[in-house]
Amino acid sequence: MLSVLLELQRLKRLDRTGWVLRGLPPGAESVASHSYGVALAAMLLADECASRGVRVNVERMLRLALLHDLAETRTGDMPRTVADYYTRDARKRAEREAFDDVMRGTYGAARYAALHEDYEERASLEARLVKAADVIDLLAQALAFERAGARGLGEFWEGVEERDFGLEGASRDVVRETIGALVRARNEVSSER
Amino acid sequence: MLSVLLELQRLKRLDRTGWVLRGLPPGAESVASHSYGVALAAMLLADECASRGVRVNVERMLRLALLHDLAETRTGDMPRTVADYYTRDARKRAEREAFDDVMRGTYGAARYAALHEDYEERASLEARLVKAADVIDLLAQALAFERAGARGLGEFWEGVEERDFGLEGASRDVVRETIGALVRARNEVSSER
Amino acid sequence: MLSVLLELQRLKRLDRTGWVLRGLPPGAESVASHSYGVALAAMLLADECASRGVRVNVERMLRLALLHDLAETRTGDMPRTVADYYTRDARKRAEREAFDDVMRGTYGAARYAALHEDYEERASLEARLVKAADVIDLLAQALAFERAGARGLGEFWEGVEERDFGLEGASRDVVRETIGALVRARNEVSSER
Amino acid sequence: MLSVLLELQRLKRLDRTGWVLRGLPPGAESVASHSYGVALAAMLLADECASRGVRVNVERMLRLALLHDLAETRTGDMPRTVADYYTRDARKRAEREAFDDVMRGTYGAARYAALHEDYEERASLEARLVKAADVIDLLAQALAFERAGARGLGEFWEGVEERDFGLEGASRDVVRETIGALVRARNEVSSER
Amino acid sequence: MLSVLLELQRLKRLDRTGWVLRGLPPGAESVASHSYGVALAAMLLADECASRGVRVNVERMLRLALLHDLAETRTGDMPRTVADYYTRDARKRAEREAFDDVMRGTYGAARYAALHEDYEERASLEARLVKAADVIDLLAQALAFERAGARGLGEFWEGVEERDFGLEGASRDVVRETIGALVRARNEVSSER
Amino acid sequence: MLSVLLELQRLKRLDRTGWVLRGLPPGAESVASHSYGVALAAMLLADECASRGVRVNVERMLRLALLHDLAETRTGDMPRTVADYYTRDARKRAEREAFDDVMRGTYGAARYAALHEDYEERASLEARLVKAADVIDLLAQALAFERAGARGLGEFWEGVEERDFGLEGASRDVVRETIGALVRARNEVSSER
């Protein structure tokens, strides 16, 4: 367990590259901070879904959220543009191997690997909801930056209202409502300028 | 949900005061980063406990970890020394009220309040294990700083091997082994100087 | 004296929490930097007041300015919202005790305690003018951030032109003119957007 | 007054160049933070001197401390090595002109200029004590950095115990005792490594 | 060679003072980062000039770009306003002596000194083109900051389209076209606000 | 040219991931700062080689140094450990394509591509010397951090004295002497602790 506890400390310092490349100052958001935001958003989404009758495994969602970026201790936080230069297959294989190396030796390594695989494949409802939480925390962070004066982050908002994350029914409604509320709050910032 | 999503963004920037007061540079560790570390440590502890036959509610532990510092969006991250100037009762009441204000209006606010209360009172086994995870992530961060050259953090290590967090049996063993491993790793750093 | 000299170093690193919570980057303004601004503003106010016939003890004002946030080495810089969760009495008592602990053992500790008490109670004209200087430096900093592109700081400007800080006559005029000039400069920034 | 209030904000962000050039991270100490430290150290020195029967004008000392680095809003904080490339006369003239430009238009500009001149010439006892406070805050900051793990700051400590700052009698004793205490505290850090 | 390699490391941390004084956060741009931008801009300018038949010594240009701010390891990065307080002659002599001290003992110190002198005097076509590259990188950085939300940088853009840097013919055309393109891109940012 | 000038600004903010993962604070060294160090080291190496009779194209070396990390505006600065998860072929192809995309549309894009290819393949003497300069600047930076108190950077020094970078004769001697001097300077730091 010790090696994981120490390795995760790296994520507390690793900046989210996307913000840095768009001119936000160093230290704007760490990968660990983002993962915290995703996990908390996932919990809120899960509870809202449950209130509308969707059966969702909250424990699984929280595990997925906490693990989904852990491999970045080995691979770094790559900017979006890497998708133009590495195939999706190559990136997934790299992430999986890095993840397994981080977790090697822990009790439950096999189970963690299965969770990671689920997230990468968006196989379960829980994985799809966590992917939505990942985007929701990104948008909430972008909005917080924009409210504080940042500009040039428009691309993060493009098309977000159309994304359904492979969800349907009430879970899709919850995600859409949440993203819709973020978009409206953002439009208010823009119109105030 | 929107208000919580936006308010939690503040924790990504709020520095852990303890490090700043001891000379670590700004941005060394945010409250959100620490909460991520606590949640991941809690998951690892829970799984290790389960492997030794301890019945533990992992979902509850992860919820407790994600919520335990959320009130700091309203109260800030107070240094240890505030304990000399505010009574424990006053601080608990303040934390509770701030927490409730953050969560007001979410589906499940009452349930979140009960979780927060459990953590503050260390009422459940899960709350006590999360408190242990809180200290374990603190020590792992201190060790990471010390490995990178920081000094003057000795007080964080004093007496940690004696703490039992109100635990007993296998759960206490797991925590003690983890803290013991951190202390040994730290002693290696000190002896190398 | 040594212990105070060393303890004050902490204020050079401690961020003013209010800016951090509103999205300014870490290191935007330290408590020590702010205290410097307050002391210099206090000197300018005092000299302007004197030029209009107000009898004011400048030495006392500068001492008050230098000491007014010193207790934050023990309590941290709490955000405005703590006023919702701790009573004014509790905060004042905590500040006073922390201040006395910082100064314990210096020659003149009793006198420093009396100055601190004066500031907390706004008992003297000098204390009221230093409180005005505290707000004036806050506004000048907010304006500097806004000129550099920051947004979302509007609440700091609300009602400032109406505050009289318990002052009257020429001293009130000086403070009002200064705040008025800041507000006008700020309005120019807003209209340029 | 407005222009000075706004211009001093720059000192809150301007790093002390000496630390940066020796590898301390950006934001380690601002010029404004240092000026705060000097002013508070000056107050403590003044009171200690007075307790030993030295007649010292405390108001004058605090004014000198607050003004002594203000010209750096125009000239920047030059590293020590500039002394090899600009004559002392050229630097003093530049500082004086920059200072006068900053203060131009304030009530009392002439008086501030005289204070600045006094400091540059170390003409009064008060100016010499403030110069001592300037060095004392530098050493206290260096010690704080070293306690937190910084190295390579030895040159700041060389010969400090021999400096008398043109002081004599009790005022010299107070300064020597203070610097002596800092040196002893520093030797403890070194011996612990 | 060792001493130069170590001394240049300082430029990686030294902030460009101009941005700091205008409210950009610490670490916004280091002198070393700027020098990199100037060198790469110089290469692009040189190749574009060559494509239009201008005979230009690219090696000389790159050497000039890499060396032009190296003396700042000794003198710091002075803000523009120092020009009001130090004569051009005094600054040039200081820069030259500092540069020579940095390079003393390297093979080729005399040649480096001649390059530095050429740049200071804008004697060669190459030196004038590198000065243009210096301004071009400054504008590109200002534009990047403005796109990310910074404001208050207007003075850097004043009159830039009229500057000819002592160039004529095709080399002047290349510089003007480049600066013109930057100005147009900047106008788009302004109009979007 | 405009698009390259703007895109390179990103490298001024992009942290070198290797330091961040080892606990150095954000903003410790940007990719642009490092590229500056490599280019200046390359110039010094080239001149020293020339003085010993090695025929080396300095212009080519400086171009290689300025271009060698430019593709990181698209791919980010990946940590060393990515070598465990992506094949060397995949990384080279990605770097090449990203580089070509950055440079697309500039006069001389084909020539820049050939230079980049040369560097990746270490085909020319110049490319091999620039690779040596890359390592030399890395070591000089590590040494600067260690002199300032950083620890845990030992792995960067392992085996460096044995590397020959495919060089032979006088050029190999120059590189070995330079690295040897860095290693000796570093051993002095270690022995002082």
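Per-chain numbering from 1; labels A, B, C, D, E and F assigned in written order.
Here, contacts are C-beta pairs under 8 Å (C-beta built on N, C-alpha and C of every residue); 3 or more make two chains touch, one makes a residue touch a chain.
What you are looking at is a predicted structure, and each value in this text was computed from that prediction instead of being measured.
Novice: So which chains count as neighbours of both subunit A and subunit C?
Specialist: Output, common partners of subunit A and subunit C: B, E.
Novice: Equivalent interface to A-B, which of A-C, C-D or B-F, with over half of contact pairs matching by residue number?
Specialist: Repeat of the A-B interface: C-D.
Novice: Please work out which of A-E and D-E is bridged by more C-beta pairs in contact, and write that pair.
Specialist: D-E
Novice: Over half of the interface residue numbers used by both subunit B and subunit F, so same, or under half, so different?
Specialist: Under half shared, hence different.
Novice: Express in whole angstrom the distance between the two chain centres, defined as the mean CA positions of subunit B and subunit D.
Specialist: 40
Novice: Where the CA atoms of subunit E average out and where those of subunit F average out, how many Å apart are those spots?
Specialist: Those two chain centres are 22 Å apart.
Novice: Could you tell me the distance, in whole angstrom, between the mean C-alpha positions of subunit A and subunit D?
Specialist: Their C-alpha centroids are separated by 48 Å.
Novice: If a residue has to touch 2 or more other chains to count, which residues of subunit C qualify?
Specialist: As it turns out, subunit C has residues touching two or more other chains at 10, 23, 25-27, 144, 149, 193.
Novice: Draw the chains as dots and join the ones that touch; what shape do you get: line, ring, star, complete or other?
Specialist: Drawn as a graph, the chains match no named shape, so other.
Novice: What chain pairs are in touch here?
Specialist: All touching pairs, sorted by chain label, are A-B, A-C, A-E, A-F, B-C, B-D, B-F, C-D, C-E, D-E, D-F, E-F.
Novice: Going by the contact rule at the top, pick out the subunit A residues touching subunit B in the complex.
Specialist: Touching subunit B from subunit A are residues 1-2, 4-6, 8-12, 26-27, 29-30, 32-37, 39-41, 43-45, 47-48, 51, 58-59, 62-63, 66, 70, 106-108, 111, 136-137, 140-141, 143-144, 178, 181-182, 185.
Novice: Provide the residue numbers of subunit D that touch subunit B in the complex, in ascending order.
Specialist: Those in contact with subunit B are residues 25, 27-28, 144-145, 147-149, 193.
Novice: Hey, which residues of subunit E end up touching subunit D in the complex?
Specialist: Per the stated touch rule, the residues are 10, 13-15, 17, 20-21, 23, 25-27, 73-79, 81-82, 84-86, 90, 93-95, 97-98, 101.
Novice: Can you name the residues of subunit D that touch subunit F in the complex?
Specialist: 22-26, 149-152, 193
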